[in-house]
Amino acid sequence: MITTAAMICIGIGVLFNALGVIGILRFPDVYTRLHAETKMTTFGTIFLALGVVLYAGGMLMNTNDTQYLTLAIHTVIAVIALAFTNATGSHAIARAAHRSGQLPDPSVVNRLSEVKRRD
Amino acid sequence: MIRFLVTTIAAYAVYLLLTAGSGSIILWSESELIIGLCLAIIVGIASSRIFCRTGSPRMANPIRLLLLAVYAVIPLFIEMARANIDVAVRVITGNVRPGIVRVRTGMKTDLGQLILANSITLTPGTLTVDIDDASGDLFVHLINVPDDIRTKKSIEARELFSFFNIPAWIRRIAE
Amino acid sequence: MIEMILHTILLLGMIGAAILVFTFKDLVSAAIAFGAFSFILALEFYLLQAPDVAIAEAAIGAGLSTAAFMIAIRGTSRKERDEA
Amino acid sequence: MIPEQIPYIAVILIAGIGIATLLLKKNIIKMIMGLAIIEGAANLFLVSLGYRIGGIAPIFTNAPDADMVLPTVQAMTLTNIVIGFATTALLLAFAMMIYRKYGSVEANNVRRLRE
Amino acid sequence: MQMSSIVRTTADILFPFILIYGFYIVIHGHLTPGGGFQGGAVLASGVLLLLFAYRYNESTRIVKKTVMKTIESGGLLLFIITALSAMLLGAGFFFNWAASGGMIFGDLVAFGSTAANLNTGGLIPIMNLAVGIEVVGAISVILLALLSGIKEKI
Amino acid sequence: MIDLVFIAIVVLGLLILFAGIRLAIGPSAPDRVVALDTINTLMVGAMILLAVYLGQTIFVDVAIVYALLSFLGTLAIAKYIGGEL
Amino acid sequence: MRRNLSIIIVILMVGMLGVIVSGISFGEPVDHPMDRYFIENSQLESGANNVVTAVLFDYRGFDTLGEAAVLFTAALGTMLVFRRRREE
């Protein structure tokens, strides 16, 4: 029962990761690719970790061995660190791309280019 | 002094989380507790000026931390799920109308701006590109710009989200 | 024995990343490809049951080496000139 | 269908690419990258020498019941990685110094200036 | 000439956690994957994160080259003293006299698959700590020197 | 259960190769950084699953190191591209 | 001319590596008594569960000492390359 739930979570995670990779291959410019990368792979990895945590909880109830508690806690810490650094990293990439002069290619409005560049 | 205490307690909590399940005093063994305390004090000395740069112990309040955990599990996760399904449909069909708009936030602290910017990056079809240091406004890249937003000079942060009032949550947590 | 499939995929990725390092004229792109090479190498170490080496490769090869290359490229020139 | 020795074949190919980068390219930074690639190939060769099919990592904490892979090669590889980073950084420092002296990091120009 | 305030705040928040995780890897080197080299590299990455998030003039005020050089020399000295301490007891260089001795880090280990017990290993955790300190000092000095090469005219 | 986990890991490995295509053809340097970031995230997921597949729970430490430190390479490259180094 | 010579050298070296490596089989290491000794005795003699760390810091401590010396020297050398000249 709990194993089935874990497998369903892992399946959803792999599906979202695959969609993210298709997104970075299909989208037209850097910023839209960053949308696909940041959101979808982070979300997919959260689901993968959820599956592993469910599996570890099931094993912890069955065998009462504390190494599965360690597995669950370390997985959660890894995913929190991943989500935090991924969001900030994609912001850094987007800012660097805009400063290096790459404008969003299909674009209906761009308020940032209207601001005069400081520094 | 208060900065040192806050940093040490945060580092010690993370160390205890990492070594949970090692012994019999609740979950930890004796040597883990002692050595962890020594290491946390070293980390506190080394990084207290950096971790609490402003010097106000506002985030040490446990109610705020609890609110942050609740915020990460319920509103942020639901918005993330909605945004992901939205972007997934766009990946398959391929119709995008991107653009960069200016968003007024009204956040007063750096931490509030950080949480809001990261929430915007993770949630609904948006991506923080740059930040105006003087006024604190964010420049946000939208994957699909609706017509009524396109003509406006700048918009409020609340209009970006659909189910929850995320800026109010963050103002409650960080200010 | 079934792990050979995974070994094959990762080693193909490594060879591809090494070829990319060879072909790129832009040194920043070459450094990015070198980072990808280090990352896949660390996953291969993990699969070969050497987690100690995998941690060292992840921290040094992928994080610190990329930073050192970027600093060095900033200190010299970015484009590799075409040999005549 | 998959050959048995595929890690070794990959090691040969990667080392060949590294040697080619070292010999054919003229840019000094690119040559340092080639050196780092050869180093990675050597590390991979050492670790896969000690691998045993069905073996587990040489750590006894919560280990399942099986044979272990050989530990000595892993220890030597660990030493090699840190030394490799130190030498790479030193070579990069020399490259920056050469650029400051000659205004170029192409090996041809530097050689012509010396003569 | 500095990263945006979002990146700076992230570096501020992340720095103590990277430090405590690096120390966790160093001090658990004889139980879990890790040890002096890996943990030292993680600690050095934390220092490098500060160097990159701030302007060069500000970051060198936080991380000083002389302090890092002192830390590095102290780590190497601690390593050699730990190795020499076996010779005082009449044994060979690098002999692990504290293992299974009942003193600090001196619990007996059962053979085979066991749970993690930090209080074992003899001199190995102390040597791990010494090497970790040395590695973080050395890598920080190298990167600071490279950064000063592009910022200051000689 | 374990076999299905292995299939998931193989799919993640293939996705890493596909992300490498963007690394190869990306017209500018920021595109390549996006591909590198994708590879990092996929690899953390693969490592967490491999710890379950190999049956050794202490291997998860490697995944935490990855998740923390892949940020550093991205930041270095972004700082150079933005002209701020 | 020089380029052709380089390519010939690369092909020769790859061929030599291939000849060397072709005799080794993957997955079945040579069973040396030293490794078996390390695996069987490291827990009793040095008290460490991680055999790699036991080899690094106990059985082969001199290698680690040399490695630390190399790292120290590299840091010193990098610092000396970028030192500030006093007279200018």
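A, B, C, D, E, F and G label the chains in the order they appear, each numbered from 1.
Here is the rule we go by: contacts are C-beta pairs under 8 Å (C-beta built on N, C-alpha and C of every residue); 3 or more make two chains touch, one makes a residue touch a chain.
Everything numeric in this text was worked out from a predicted model, so none of it was measured.
Touching chain C and chain F at once are the following chains: D, E. For chain C, the chain whose average C-alpha position is most distant is B. The pair with more inter-chain C-beta contacts, choosing from A-F and D-E, is A-F.
Chain centres here are C-alpha means, and the one lying farthest from chain A is G.
Centroids built from CA atoms put chain C at 31 Å from chain B. Here the CA centre of chain B is 22 Å from the CA centre of chain F.
Chain C and chain D have Cα centroids separated by 10 Å.
Per-chain CA centroids place chain B at a distance of 42 Å from chain G. Counting partner chains per residue, chain D has residues 6-7, 13, 20, 48, 51, 53, 56-57, 59-64, 69, 74, 78-79, 81-82, 85-86, 89, 92-93, 96-97 touching two or more of them. Residues of chain B in contact with at least two other chains: 18, 22, 117-118, 128, 130. Shared interface positions of chain G, i.e. residues touching 2 or more other chains, are given as 43, 49-50, 52-53, 56, 64, 71, 74-75, 78, 81-82. Per the touch definition, chain D reaches chain G in the complex via residues 4-8, 11-13, 15-16, 19-20, 23-24, 45, 48-53, 58-61, 68-72, 74-76, 78-79, 82-83, 86-87, 89-90, 93-94, 97. Considering their complex, residues 4-6, 8-10, 12-13, 15-17, 19-21, 23-24, 27, 50, 62, 115-119 of chain E touch chain B. Those residues of chain D that touch chain F in the shared complex are 56-57, 59, 61-64. For chain C in complex with chain E, the touching residues are 51-52, 54-56, 59-60, 63-64, 67-68, 71-72, 74-75. For chain E in complex with chain F, the touching residues are 1-3, 7, 14, 18, 21, 25, 32-34, 38, 42, 45, 48-49, 52-53, 150.
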